[in-house]
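Taking it in order: structure first as structure tokens, then the write-up.
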Amino acid sequence: METTPVLPGDILPSELIPHSTNKAVKLGPGLRHIPPSTVKATISGTVTSDLRKNAIWIEYNGGRYIPTPSDLIIAQILRSAGEHYTVQITPHYPPALLPHLSFEGATKKTRPQLKPGDLIYARIAAAPKHADIELECFNSQTGKGEGLGPLKGGMCFDVSVGFAREVIKGRRGGVVVLEELSEKLGFEVAVGRNGRLWVEGGEGERSGGLKHVIAVGRCLQVCDEKGLDERGQRELVRQVLKGL
Amino acid sequence: MPISILPPAPAPSISYGADPSDSDDDFDLDGDIDMEGTSRGLKRPRTSQRHIVTPGELVTDDTQWMRGHGAYHPPDSTAIHSSVFGTILKTNKLLSIIPLRARYTPEIGDLVIGRIIEVQQRRWKVEVAAPLLASLPLSGINLPGGALRRRTAVDELNIRNFFTEGDLLVAEVQSVYESGQATLHTRSTKYGKLRNGFFMSVSGAGGGGLARKGGIARSRRQVFTLSTGRGGGDIDVILGVNGFIWIAKHVKPKMEEGPNRLEESVSMDVYSSQNNDIGVETRREIARVAGVIRALVEGGRRVDEEMVVKAYEVSLEMEEGMDVEGGDFLGGEKGRRVVEAVMSG
Amino acid sequence: MPREVELSNNERDFILGALRQGLRLDGRGQDVYRELEISFGEEYGVVDVRLGKTRIVARISCEVVAPYPDRKFDGVFVISTEFSPMASPAFEVGRQNQDEIILSRILEKAIRRSSALDTESLCIIAGSKCFSLRADIHVLDHDGNLIDTACAGLVTALQHFKRPDVEVQGEKVTIFTAREREPVPLSMLHHPLCVTFSYYDGGQIALLDATFAEEQVREGEIIVTMNRNGEVCQIAKYGGVAVDALAILSWTNMALVKVQAMTKVIQARLKEDAERRDKDGIAAELRADNDRPSERPHG
Amino acid sequence: MPLDTSSYSLALLRLDGRRWNELRRIHAQISTQAAVDGSSYLEMGNTKIICTVTGPAEGRRVGGGGSGGEATIQVEISVAGFSGVDRKKSGRGDRRIFELSYTIEQAVQTTLHTQNYSGSTISINLHVLTQDGSLLAALINAATLALIDAGVPMSDYLCACTAGSTTNTASSKGAPRPQAALPGLSSLDEEADDPLLDLNGLEEQELPFLTVGTLGASEKVVVCIMETRVQATRLEEMLAVGVDGCKRVRSIMDSVVRDHGKRMVDEG
């Protein structure tokens, strides 16, 4: 995996663009194709490519989350209207729609009854340019929940969008905090690409449970703010665990 | 009741603690309301009509009572306190407080008069003086061309041909949501658009029960026809439970009503907003009825068929007995005299 | 359109649950402030205050104007607040937010009405000339406790600011630039600071320096403004859940301790800055003196 | 307007002849306006307020989202130009008025049981006819009475009054004490000072005071606003006197409501 920093307007050198004979090159966020064969960066960040998938995109941190189809996100119910929930992904984006029946095994009778303010872990089903964003909490092909759905209890922590992406990638993204923490503490995590992390400390909100959740949240936020490398992260985890 | 200018009063003593009203605070459940409702086996809930409670007052700390409307438990206590200003109503073990004055709370089956505020895709939003606007779905009205006709997309497009913003209608409360929002229907020839008359409203009529004073009482007949003197002809009076009143010229239905001909009677005419011809005499009598009702309200009396009819007759008598100097206006002193005459007679 | 960030039910329950066990998300005790960081700008009266992520810039400026006709012996002192949209998605430019009006009212009462600033000292010639002092408060980031931060920022800025020196000869007024004469610090009578208590469970839990999330789940707040001499300048409890009168008294006592501690931090930072400037100040003055003769021939 | 407060210590009578713990005459009426859901007229001494309440009724949707299932409360205060000593036209954007209405809004929100009225608005309109001190207290009391008349459920009366202190060291006009003065030194001459209940306009201009609003006769404080500088040691007395005053205000308001109720029941 190569990383080269680029600025908006930079023309990508052709050696960075994966060349494959049988597959078309896929351009990801932050890149723009100008025919016939020029690729320009539209955002500053590092060029990242995946040769296997024949894809290239720009990895960047900061800015707002822009909903992209098939992203997993943590969103908040605003209200229920008609046959949809109106859901907020970020405060800066118009609300998205989540159909009442987009849950695993949901029928009119058995669908989850969510109140305003409840959190859900959902996938962006479609993000059309000029219409409402649609979410789903199950795989529409298989009908399985795949871990999506309402999030009960726990706590939600805000982190930067880039960090959330790194957490999803885990070790590959250079984040080892969760692994390190999980050796000592038991907890459950959901990572939303919209920069929200949900942490739940297991059964019962006993003092230990709450404390662990707070500790996990603090580790993640400090990591994000200070941009710690792996060693720094290990050190941080060691300190926090000692504090418990 | 307007603000009265007071004569200089002697400064009240500071010792309000010894105010006679305070003795009422020690309201004794055994003495006042007893268990009369249950012990006598009455079906009808009984109220302690004379006893007034005010917000925050301890009603009872006996745990056998259940808390109803207008009452609350303070945090970490099982005692029942009143949250409104009103009288106590007991229904078996349920203790509720009926406010003396409140906005209208819709109940299923209420006959109400409303005004269309908003037209939406498949329904109207109707102001009925309740905390929330009531909704009248397109499916809740009789469509012209027979009751069995199906609602079509064309009807949805022409929704304003039936009712439009500002129209008045009389309807029945079909259901009430948990939020307190009412759904109305006009699926009867009794209900529908109002015309040929005069609208007035009586505030603070809500609250329900027997405690309602100076307002419209829920009674068996909310709609009645009054045959007036002085060439006025028949006048329809509709007393909406929500405090809205409609007084209009009586118009005979065009067709004979019969169970089988109901469908035909629903023509587009029902939704016309055009008034019929109304003679001067009729107009004057409509105004008189309105004046009579207003006098009753100002006098703090209940408004129902009996009272309205009686008061109307008294006002006619007074009119004939006197010179016509005061005109037909029934305000102020004259109104008070009408009310007094009704109460004494 | 951005909308106000509302906490999810999960966060609400969690924060409250943790508070009931004496835990705060950032690990502080209930009566512990975040670290008050103060830095000064190049000019006098420019102060950047941070309390955790909350950040406020206060700037004092002054000009000479005619005093108000009904207050001939007083200078003019205006406090203006601005919430920048970058602080929170709920803030909009140009539209006054409810919190903004309340913040400016509290500052008004805490500093102006308590006569922390001696406005009479701003008068140059009664009825015709006086200094008009303007304090601009800019909220750059909002993570709770805006009022305490803004008040600390404003009071620090007022102490840091220096107005130009003036000389009055009859009707003639000479205003000296900073080069001609060392500017004069403002005359302050006392230094009020705000302490906001956010309470939960009917006053059983009281938090100091609540973060934005903690503010959103609180039942009510009470803002106490005191100076280190133990004078209460202002108390504001706008509604909220009822609390015991005794709790209010004990909170005022606690506020005094916090105000005294905060005053110490502010004074220390002011002193550091003054020392740093003193060295530069002398150097600058020397340079100015040397420059002057050489400029003369041209003038 | 300098006020000679020195005479107080001699006769222990205030300018208007009251003792320290005396309320002014409170007169109130409810159901004064026929066209609204609830109304009241209140006099606290020479401070006179009319209040009308409309609702709960469905108002214009603000924002779009339901605000947590509670009714919205709107407070509007209009101060008559002739209400004060100087004829003044108060503008729309007056922050002081905004603060008053914000206070009432916040105080009423927690006192009313608005959970049952989600989506509707209760609007409270207050008109100040004359002002002679204790304005906020009078506004709160008038609003409470009008809300009771409108039949809106609430936990208890929200009643308010002011309490002051004859301490003159910290009044806005008084010579400000230099910073160096130790708090201990000044307390000697303060011992003769008395707390005062229910201040009138003149006293308010001269003396430090606070407005307390309590929930019924309990000692739970809903509103506490103080805008003048005072030694923290004086606070306890002022609060105690204020809370006690609120209890008395409650019993006066309660008797007004009861009298009115009795008349309604008797007449109907």
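All chains are identified by letter, namely A, B, C and D, in their written order; residue positions are counted from 1 within each chain.
Convention: contacts are C-beta pairs under 8 Å (C-beta built on N, C-alpha and C of every residue); 3 or more make two chains touch, one makes a residue touch a chain.
Which protein is which chain? UniProt says A = Ribosomal RNA-processing protein 40; B = Exosome complex component N-terminal domain-containing protein; C = Exosome complex component RRP45; D = Exoribonuclease phosphorolytic domain-containing protein.
Just so it is clear, the structure is predicted and the values come from calculations on it, not from any experiment.
Chain D has the Cα centre that lies closest to the mean of all protein Cα atoms in view. When every chain is reduced to the mean of its CA atoms, the largest separation from chain C belongs to B.
Spacing of chain A relative to chain B, judged by their CA centroids, is 57 angstrom.
If each chain is reduced to the centroid of its CA atoms, chain B and chain D end up 35 Å from each other. With centres taken as mean Cα positions, chain D sits 29 Å from chain C. Taken residue by residue, chain C touches two or more other chains at 3, whereas all remaining positions touch fewer.
Multi-chain contact residues of chain D (touching two or more other chains): 65, 215. Residue ranges of chain C in contact with chain A, taken from their complex: 1-15, 17-18, 21, 23, 25-27, 89-90.
Note for the complex: chain C touches chain D at residues 3, 98, 101-102, 104-105, 108-109, 113-115, 118, 189-191, 219-220, 222, 226, 229-245, 248-249, 252-253, 256. Within the complex formed with chain C, the residues of chain A that make contact are 76, 88, 91-92, 94, 115, 117-119, 151-156, 198, 205, 207, 210-211, 213-214, 217-218, 243.
By the touch criterion given at the top, residues 1-4, 6, 9, 11-12, 14, 16-17, 19, 21-22, 24, 49-50, 52, 54-56, 70, 72, 74, 81, 83-87, 99-103, 129-133, 179-181, 203-204, 206-207, 211, 213-214, 297-302 of chain B touch chain D in their complex. Taken together, the chain D residues at the contact with chain B in this complex read 22-23, 25-27, 29, 31-32, 34-38, 41, 50, 55-58, 71, 113, 116-120, 148-157, 215-217, 248, 251-252, 254-255, 257-259, 261-262, 264-265, 267-268.
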